[in-house]
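Presented below are the structures under discussion, each in the form of structure tokens.
In what comes next, chain A is part of two complexes: it sits with chain B in the first one and with chain C in the second one.
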Partner chain A sequence: MARTANPYAAEIGAECLKLLRAPEFIIPSLALPVLFYAMFGMIIPGSNQNAPYLLATYGVFTVMAPALFGFGAGVAQERERGWLKLKRAVPAPAFGYITAKAAATLLVAAAGLAMVYAVAGFLAGVELTRTQWTLMLGVHIVSALPFVFAGLTLGFLLGANGAVAAANLLFLALALLGGLWIPIVVFPDIMQQIAWAFPSFHLAEVALAASGAGGDRPVGLHLAVLGAMTGGLALTATLAWLRQR
Partner chain B sequence: MARILTGLAVILAALGALILALPEPDRPSVTRSGAGLAITNVTVFDGARFLDDQTILITGGRIGAVGPGLDIPAGAELINGAGLTALPGLIDAHTHTWGDGLEAALRFGVTAQLDMFSSPMMLPQAQRNRADLSVHDQADLFSSGMLATVEGGHGTQFGVPVETLSGPDQAADWVAARKAEGSDYIKLVYIPGSPNLPSLDLATATAVIEAAHAEGLMAVAHIATLDAAREMVDAGIDGLVHIFADEPADAAFITAAREAEVFVIPTLAVIASVAATGEGEALADDPRVRGRLSASALRGLEGGFGMPPSPRFQYPLAEANVRALHEGGVVILAGSDAPNPGTAYGASLHHELQLLTRAGLSPVETLFAATAGAADAFNLTERGRMEPGARADLVLIEGDPRRDIAATLSIAHVIRNVLVIESAGEGQASPPPAGAALETADISDFAAPTNGYAWVDTTDAMAGGNSEAVSTVTDGVLRTEIAVRTRFPFPWAGPGYFPASQAGSALNLSDAPVLVLRLRAAPGTYRVMLFNPGLTGAPPTVSTELDESWRTVRLDMTNVDGFDPAEFAGLAVVGGPAPGEAWIEIDQARFEAAP
Partner chain C sequence: MLKETSHVANTSKIISARGLARSFGRTRALDGFDLDVEGAGVLALLGPNGAGKTTFVNAALGLVRPGEGSLEILGRRPGDTAARSRIGVMMQDAELPDLLTAREQIALFASYYPDPRGVDETIELAGLTGFADKRYARLSGGQKRRVQFALALVGRPDLIFLDEPTTGLDTEARRGLWAIVRQAASEGARIVLTTHYLEEADALADDVAVMKAGRVIARGTAAELREQVGGSLIRCRTRLDDAALAALPAVRRARLSGRYAQIAAADAVAALKALFQADPEVTELTVRQPTLEEAFDTLTTDIEEA
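Take a look at the complex of A and B:
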């Protein structure tokens, strides 16, 4: 057990250390969602009525940044620098690299979520039952998955510069068109239909349902679409990985 | 590996601790019915009559038995009902659901609301909640969902999506769509001859009624005049959701309504507000009301429509018509039309009970109107009566409403699906947060922001209207050309002083609550509208006559009903609601301390 686990542990440790040594990545990833949430959920007059609703959508937004950028841009850079080639020559499990990245992403996501939840609960006056808080946190953490695969695909397919640009574009599209920043219901009908194409929208709807938000949501359908999208993205990521090898 | 596991455990523990620390909604004191709940020595209104010295046994979310001296099961929770009167949970037969309306209503003992138009998106959740005996924190909702109206007609101005009708041939599909969405009944708007709104024509309204009946749904109508009411009764309507206040009801109409078994939900509370009788404010001063209202609900109750007197809304006629219909044998139900200006969820139903009593209903008849009467008219099973098998939705009040109907506001306990919500220290009204301190009292710089606020043009376009306002600043004078048009029923256009950015906050004008304006305008009536944050209805408004000579207008905002100067969020000087073109020039504007 220890023999096979150790390389994973070492990779995860190293990845976390890298995070701490490169605060220029971790700080914006943590600060942006909480600042946006505070602004749209609290500071704008009248917005505190939206604080519970926006918590569900900004939670998805919070895990999106580390997943997309950590994987997309990060992997592309390391690949370009030849780090992945080197890794392949090292007698360590290939999957350790991905595992470590995933662990680091989840760590950043969890820290970001903790901050957003704290602002929501202690400053914006959001009150949910223990079950709702827990369920929503679960949904938010699992939300990282499709974005991780999307980021990986970008990282394997594009160069460092291209991956950063593509990740940014995808990030904005997922956030805005998926209704993470502004409630989807205020969008025109056509935009609400377009939102169905984005996993961020479905994740936000599931998180809203978990938080007990008003309105009727076909949660089963959203989960099914998410399952299909995540599976598709996982497949794409695998193909992209195989291609770059 | 061990280090990783430790790290993981630490992270999980931290998240767990956060989840445990995050706030939960306040849990009212709970009496869960293991062995049930017993209310002893209580006066019961069972929906039709009063019975003294009764015991009510509640188990499994329902009323088990009502009678004198019943055996109390061992282990049951007890409420000593001496001096209390138990009413079935109240039913407000005319509301529009928005925000925290269902929660707010429950604090006043309203356990079911009959919504007369709101977004159909709420219907599936409402149906699930109705079937769920564990819902404790809000009233049940029955709803018409969308309403039947024409393009630009009443109901289209609130930003809630409405599919409009343009002819009788669309009625069947329209009603079928409502039924599919989950509407409990069909509501239509029939206001022919309205001065500022188009209406369904009689043929289309009749087709909607017939289509509703064909689908097995009831149809109710919003009307404003005796003539419209008569036409709806003749067309087969099941109920009218307002009383008309333009003409006295005549014998022929009363007979026709009684014979057609049409019920009427007069909504005197909202007609009183339209007619600016000042009753909403008086109600808001009652500490039993005030203590249960949120800050924004309180402002709503103190607010008004800001409409000039209209021959279509003569309040004394409204009361006289209710009396005449009641005496003529027409079923009267209690509905508030909350949250319109001058009303509040829950509170205004109690107000309506007082007004119905004043109109000539006895206290028993009034309470019937708000309980069993509504349940019968709308076929609501398990509600409105204190009888075995009914929902355990009750309100316990102190005193005897037979002597004084206003006793219904002395709420001791609200019981909702066997959860007792203590009334003491209900204190929902948190003091509103005051705004930021005023930096510049002189706000005459029309070209640059002051206090984070700027002079801008404001029109009813934000509410779907088509009025226009265009401002220019010349030699320090703000001139605004305005064109008031009537697509929006309460149109406005003019200059306003509003937060310069979305993030702008309210101003605290407690120390400088007098608005001083030096201005002139094309001769006519103009209005100053004042805004607090979180406004839900029409803003508090003061009218003033202006002409082409410069004059200085002083407005002490502390005296404006429904407005709190400690949370100033904007002002506007506007033309309308009368349509036409005009101009306004403002030369000086400032806030001053009260004299």
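Take a look at the complex of A and C:
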């Protein structure tokens, strides 16, 4: 008998089922971003003028939840239950699990982005050129990377309860202090400086630049900071992974 | 890893372990562990908690690296891909994802192996019919164990490790799992199970290796081992001293502790007859079977004396 299925495809299918069946994951990942965006970019009177700006920041917010919660909380829980150890003992491909988690996370993030973009384009009247839409979507999808590495670090270092708590804290800090919910320009100076410590801030700036509404600083500077932060997080994730093996 | 000079692997050699040692901190989990396993059948690694059974299984799976000694599984280095693709395992402490059904987990594991069983066939073989489409979280303890066992079976492996498969199950669930393990064994796989229940080794294994303090201290069929460790423990009050008691026929060991004499007898009836002859005034007499711990003690003592 031949292989019943490709192990990567089977693993991705299993990860998608797990995500779709977990309301504590689906609600912050899919429902919250589009509700918040509709509220602050459309429903509140006078908020329509903010819709283009908030699309850039809420797009980052949308990919953040699946990456942090799927990887942080999900990996910690399955590691603690011995599931990862069992997979190391059987002929599962070494990176199948991580690859599948990444694919499932991206699918959920893409679904979340589709809803936010649909509200922006069809309901809130955001108007961008085709190039700007495409560039911004690209930035939003790549935004998952630093959060995936941050989530993996939590997942490999902390127990299940600790990882859920840490992912929630990190999620709030990245969203609020990175200026994803409320535009960073309305914050006091000191807060604007603190925002530089958060990848979410730089991602939002790059997404704004892609939509043709960049800030005072050159986008290259934000990209350089992001590159360094993502590299650092990739390193900590690798070290955390090696440590738990 | 290029050291595989014995490239003509003897295919009937399933496990070959020589002088394995492994410490965790100051605990020596494995300490001079030797084991040879060939052909099909069920081998029980029997021993008390802390004897090193799980450490050996983890070493055989390539999850723990022995500090000393040599270990080959199916003629390969433990944990290499070729070995893993012929191994199925049910771990002592591995829980499956709560949100997937048995059928989904089995299909996933089937995808890992080169020549797996069909999903439906596995469901039937592992006795999951009736709850194969329920989420794992909603299953009973015994049902969960069966799903874990199904994952060990689905790859049609040549070697299956079952680490404490029935710990925490009630008698009925335990007997149900035994029946399924026996059926799987009849299909020709080599099964290595660890247990601290003598009864379980007795019910399932053709071959038993008794472990204590990180090594195999005895090997044989369950019947042979029972004969070695069998016998009875007699407790009574008597005026005889321990030397006199030990000299009685069929008595292995005897000692006085407090007001009572403790006698380990190979044959309780013969020993009691002699005891009553030597001291007709024996009182407060009890006779019982040794517990597993006591049986292990007898075994180690006998071996050290031999």
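Worth pointing out:
Going forward, the second predicted complex is superposed on the first by the 232 of 245 C-alpha atoms of A that agree within 3 Å, B and C clash if a C-alpha of one lies under 4 Å from a C-alpha of the other, contacts with A are read in each partner's own complex, and residues count from 1 in each chain.
The rule is short, and it goes like this: a residue touches a chain if its C-beta (ideal position, glycine included) is under 8 Å from a C-beta of that chain, and two chains touch if they have at least 3 such contacts.
Computed from a predicted model, the values in this text were never measured in an experiment.
Overlaying the two complexes via chain A leaves chain B and chain C side by side, clear of any clash.
Judged by the touch definition given at the top, the superposed model places A:Asn6 against both chain B and chain C. Residue contacts after overlaying the shared chain place A:Leu176 against neither chain B nor chain C.
In the superposed pair of complexes, A:Leu107 makes contact with chain B only, with no contact to chain C. Within the superposed three-chain model, A:Leu123 lies out of touch with both chain B and chain C [touch as defined at top].
Angle at the C-alpha centre of chain A formed with the centres of chain B and chain C, after superposition on chain A: 170°, rounded to the nearest 10.
In the superposed model, A:Leu137 lies in contact with chain B only, and not with chain C. Comparing chain B with chain C, the partner in contact with more residues of chain A is B.
Fitting both structures onto chain A leaves chain B and chain C with a minimum C-alpha separation of 12 Å.
Shared interface residues of chain A, touching chain B in one complex and chain C in the other, are 1, 5-6, 9, 13. For chain A in complex with chain C, the touching residues are 1, 3-7, 9-11, 13-14, 17-18, 21-22, 78, 81-83, 85-86, 88-93. The part of chain C that touches chain A in the complex is made up of residues 61-63, 79, 81, 84-85, 87-89, 91, 93-97, 99-100, 104-105, 107-116, 118-119, 135, 151, 155.
Of all residues in chain B, only 1, 3-4, 7, 11, 14-15, 18-26, 99, 121-125, 499, 502-506, 533-534, 569 touch chain A in the complex they form. Here chain A touches chain B in the complex through residues 1-2, 5-6, 8-9, 12-13, 16, 39, 43-46, 49, 107, 110, 113-114, 117-118, 120-122, 125-130, 133-134, 137, 185, 214-216, going by the rule given at the top.
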